[in-house]
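Below, chain A partners chain B and then partners chain C, in two separate complexes.
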Partner chain A sequence: MGAGMMKSLILHLAVLVLLFLLQFVISDYAILTLTRMMVLGIFASGFNILFGYTGLLSLGHAMFFGAGVYAAGLPIYHFGWSVPLAFVFAIFMSFVAAVIIGVIALRTVRDSFMILTLMLAQAGYLAILYFNRETGGSEGLTMPQASRSFDFLGLTIDLTDAATRYNIAVLLLAITIVVSFILIQGRYGRLFNAIRENEARTEMLGYNVLTAKLFSFTVSGTIAGMAGAAYAILFGYIGATFAGIQYSIEALLFTLLGGAGTLLGPLLGSILMTTLIDRLSEVTSAYFLFLGLILIALTLWFPKGLLGTIKEKWLPWLT
Partner chain B sequence: MTDKTGNKTFNLTRRTALKGLAAGTSLILSPAVLRHGLAHAGETIKLGAPIHRTGIGAAYGRWYERVANAAVKIINDGGGINGMPIELIIEDDGTDPKRGTEVVEKFATEYKVDAIFGQLFSHVVAAAAPRAGELKVPYLMCSETHQLAAGGFSRYAFQPGITDVKSQIASMAPWVSKNLGKKVTMIYPDYAFGYGHRDFFSAAMKEQGGEVSTLIPVPPTETSFSRYFPQIDPSSDVIYHVMVGPGVLTFVKELGEFFGSSHPAIFGFVDSIEAVDLATPQLSFLEDSYFWEAAPRYAQADQTEFDKFYREAVGVDANGASTSDPKDISTYSHMFSVWETLFAIKSAMEAADYKGVEQKEAFIEALENLGTMEASNEHPQGKKVMDPKTHQAFGVQNISQVKSSKMEVVYTTTIEEGMYEPEVDYSKMSL
Partner chain C sequence: MADVTFLKTKDLKCHFGGIKAVDGVDFTLEKGEIRAIIGPNGAGKSTFVSLLSGRTEATAGEVEFLGENVTRLPAYKRVRRGIAYTFQITNIYKDFPVIENVAIAVQSRLSNSGEKTGAGRIRAEAEKVLARVGLSQFAERKAGELAYGHQRLLEVGMGLALQPELLILDEPTQGLSDSEVSDFCDLVKEIAQNATILLIEHNMDVVMTLAGRITVLNQGRILAEGSPEDIRANRAVQDAYLGRGDE
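== the complex of A and B ==
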């Protein structure tokens, strides 16, 4: 392991430890809201594998978040599945969805890829509305009381407890960061970067670009799906909005704001944007206008996002 | 800044921008600013109102906020609740389930409010109400949703200010089948709001010996409706329509073009035209058609003194428009729920001698035991009966006919016509 990689590893572990320790000093509300930010940060991290590291811009990643939400929520709601089983099932279904959609979408490139992912996500959203008797449609479904606590490995997990939810979110974020770190630092990570920088050259060098892109797409969709499953389980509600286009755009904005191609960028983007919306909405209902202005400023002066710029200027070893 | 040629230029460097961003962010995140709800805890009743200021529910939210402010002013001018003034904290929930839940969590844990009220759209309520229950904060919806009475929430959730949609719809069926006909074609939005109408009205008509022969769901994103009209059963006695949003103008205009002068009876829910001026030319086809209204938008000849008082307090004229802007049409059949909810809170807190969260359980029990709330300045829409088991209030409904681009009430239901067997008993649940 090189010195740069070691620095990067220590930084990421330090951030995870800091997030764990924060729960002992921050307010009750901050715990609640940071839990949600971390789950959405995981979603954006999944998106970032595809966009930030492989250079493929999907405009439909909400379909995977939504797949996770519904694949976890529907079995719990309709069949009374246990929460851990539904969670694992949702990750598996997100994986399957990512493979299938990846095989279809990766036949296209650039603009066509963006449009196709957008359209496929919209088809998923409309399918949720179409099967409204099962999915609850746009109104959604509130998870049954029985699913708000469960036994796991001899422990009783109470999902109504803020600290429990927070620690589950930290754990899932840690898993995401560690898995992503290993992936990005490894052979496939370098291959993803090569595809991002020059796909044609990578192919000419003899690499199977399509397989690598499908791998990236699958990892990305599965992580996004895991975030969706976590959201459904932790917050006890599933609804069609989570598969809507605004969530695809949110993943993109979180990543752009925090820094595409950095592991912590999406989380930082999620924290900053959610906090800005929360605070600005206290004083104006035009908070999206101000958010838009901030994003324009960012695009002009920090085209690589906050951590992306820091990486470029000062910390080239940042993963 | 001036460049070498003497021209003034605006040169913002990356460093300056970074500093600016950092300063702005610090300011916004600073607890020293914007924290009105934290400023003075103590001798007030803190009520949090997550309002649909933006998003699909913004037309409703605008009026919900005005009504909330008007009711709070009257309560505070009259000495508040148990001697304590109400501190009303309003924040936008974006008519979004995620944001709606975040705001509820914020009210419960940061502002530490005594109760939360005011959410309307059912998908927001479905996400937020359970979290309010988990945070053990009383949550009073102004929504019409049936999810509460269906047992979907917790003992902390109430709907004391407005009848739920199942009751509203069920109470319409006897009159529709008796006066307009027994065979109905339904045109409804293909999302949650429409499904309630589809399911409840179909069942209610069946009970009356009638039937909904054709169901025509229309996607909410639709902008032209002509292609759906050939699906209308030509033998239908009644077309039942309920649409929400700006599409309604096109919908009605195209329906008129499709039918011309000869058409089945038309019955709709006023939700189709809430916040829309009935005198709009595109709506002329609705002349003589019928609407459900919870509260008559147009002041009736037999207007109650209570409606008069309420109308004046919230700034609505006899045509249901803002007194300051006749083009600003109210959401009159929904917004009274905010008013009545606030007075229900007041009544229950007084019954519980509520001074603070220590009396929260007594407050919950008092809400369950609100019993009959007579028509009054506090309940201008009419008498309500609170069901302690379902936490749902039941009230009268009106059927109005469009005459000269105004609506005249032709029938007012009894409360009993909308009652149904309780599907849940929240009062037996633990707090």
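== the complex of A and C ==
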């Protein structure tokens, strides 16, 4: 392991430890907010594998977040599945969805890829509304009381307890960061970057670019789906909004603000942007207008985002 | 397997609408050759080698490499079988360090041959390649910041890192200074000890220095083929390409 990689690993572990320790000093309300931010941060981290590292901009990643939400929530609501089973099932279903959607969407490139992912996500969103008897439509469904606590490995996990939810979120975030770290530091990281930088050249160096993109897409969609499943389970509510376009755009916004192509960027972006959205929505109902302006400003003047800029200027070893 | 031809094309065609860029080429290349392809602009040279490397799909005809019909194989699979292509217009990873450019190629070769792809091994092999093309001192520089001649060398280095059977060089000396050209010729001679080389080249001095045989393309067809002396003496070639003196 090189010195840079070691430094990067230590930094990421330190951030995770810090997040764990924060629960002992912050208010209950802050614990609740930060839990939400971390889950959205996982979602954006999944998005970032595809966008930041591989250079593919999907405008429909909410379909995977939504797939996770519903594949976890519906079996719990309708069939009384246990929470751990529903969670694993949701991850598996997100994986399947990502493979299928990837095979279709990756036949296109650039603008067409953006539009196609956007359209497929809209189709998913509309399907949720269409089957509103089962899905609860835009009103959504509240998970039954029985699913708010479960036994796991001899422990009783109470999901109504804020600290429990917080620690589950930290754990899932840690898994996401560690898995991404290993992936990005390894040969796939090099390959993803090569594709982002120069796809034609990469193919002429003997790489099967399409397979590599599908792999990135699948990892990305599965992580996004896991975030969705966690959201449904932790907060006990599923609704069509989670599969809507604003969630796709938010993943992009978080990633751009925090720094595309950095592992902690999406989390940082999600923390800052969620705070901003919460503040804005207190003063105006037109906060989407401001998000749009922020998106434009970031793209024009700050394309590397916070951590991306720090990486470029000061910390080249940052993963 | 002694009678397997290294590379062979049969009636190879590539038509873009009404334009017959390559129009029925029967071509053979023996292992270990340095072969030059020359011809006037628009003769179909680049298209022809694109058909060999798989960047462009053939309209008709066949490409056979080491006894295998590769006509319908995608480019990356041909690379894995040993056909490396270096681009006419320098096509490198401009934002990456020089060594990373080569490392990407090294990783491709190692993982395709089922060897270990540890970071240390990839780096060591990439360093060897950089030493061969004389770019060691620029290893950590951003590739896009290199001088043009050095970028051309890096392009060749990326091809070399694949340890190809066949290295296709598309106008490699274009834009190089005289001293760079002569260094480049030495490098190609050295590479040729382990690989077969197919070279598209406009600079006739380079062609005459390097090539064992020359193929002349004109209007998508082979006009002539032979040793440098034969080609120089060939009347049809002089008419089409070299320009005949009014003696």
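Definition applied: the second predicted complex is superposed on the first by the 296 of 319 C-alpha atoms of A that agree within 3 Å, B and C clash if a C-alpha of one lies under 4 Å from a C-alpha of the other, contacts with A are read in each partner's own complex, and residues count from 1 in each chain.
The rule is simple: a residue touches a chain if its C-beta (ideal position, glycine included) is under 8 Å from a C-beta of that chain, and two chains touch if they have at least 3 such contacts.
Computed from a predicted structure; not experimentally measured.
J.: Contacts for A:Ala200 in the overlay, against chain B (first) and chain C (second): which applies, first, second, both or neither?
T.: Touch partner of A:Ala200: chain C, not chain B.
J.: A:Asn208 in the overlay: touching chain B, chain C, both, or neither? Say first, second, both or neither.
T.: second
J.: Once the structures are superposed on A, label A:Arg190 by its partner contacts, choosing first (chain B), second (chain C), both or neither.
T.: In the superposed model, A:Arg190 contacts chain C only, not chain B.
J.: For A:Ile100, is the partner it touches chain B (first), chain C (second), both, or none of the two (neither)?
T.: Once the two structures are laid over each other on A, A:Ile100 reaches no partner at all.
J.: In the superposed arrangement, which partner chain does A:Gly2 touch: chain B (first), chain C (second), both, or neither?
T.: In the superposition, A:Gly2 contacts chain C only.
J.: On the A-aligned overlay, A:Ala123 touches which partner chain: chain B = first, chain C = second, or both, or neither?
T.: In the superposition, A:Ala123 touches no partner, neither chain B nor chain C.
J.: Scan A:Thr33 for contacts with chain B and chain C and give back first, second, both or neither.
T.: first
J.: First (chain B), second (chain C), both or neither: which does A:Val109 touch?
T.: In the superposition, A:Val109 contacts neither chain B nor chain C.
J.: Could you list, by residue number, the parts of chain A that touch chain B in their complex?
T.: 27-29, 32-33, 36, 126, 129, 132, 136-143, 145, 148, 160, 235-237, 239-242, 272, 275-283, 285, 287-288, 294, 297-298, 300-302, 309
J.: In the complex formed with chain C, which residues of chain A make contact?
T.: Those residues of chain A that touch chain C are 2, 187, 190-191, 193-194, 197-198, 200-209.
J.: Where on chain B does chain A make contact in their complex?
T.: So the residues of chain B in touch with chain A come to 12, 14, 17-18, 21, 24-25, 28-29, 34, 53-54, 91-92, 94, 96-99, 101-102, 105-106, 109-110, 122-123, 126-127, 129-131, 134, 147, 152-154, 190-193, 195, 219-220.
J.: For chain C, which residues count as touching chain A in their complex?
T.: On the chain C side, the touching residues are 53, 55, 74-76, 79-80, 84-85, 87, 91-96, 100, 103-105, 107-109, 111-112, 117, 119, 158, 162.
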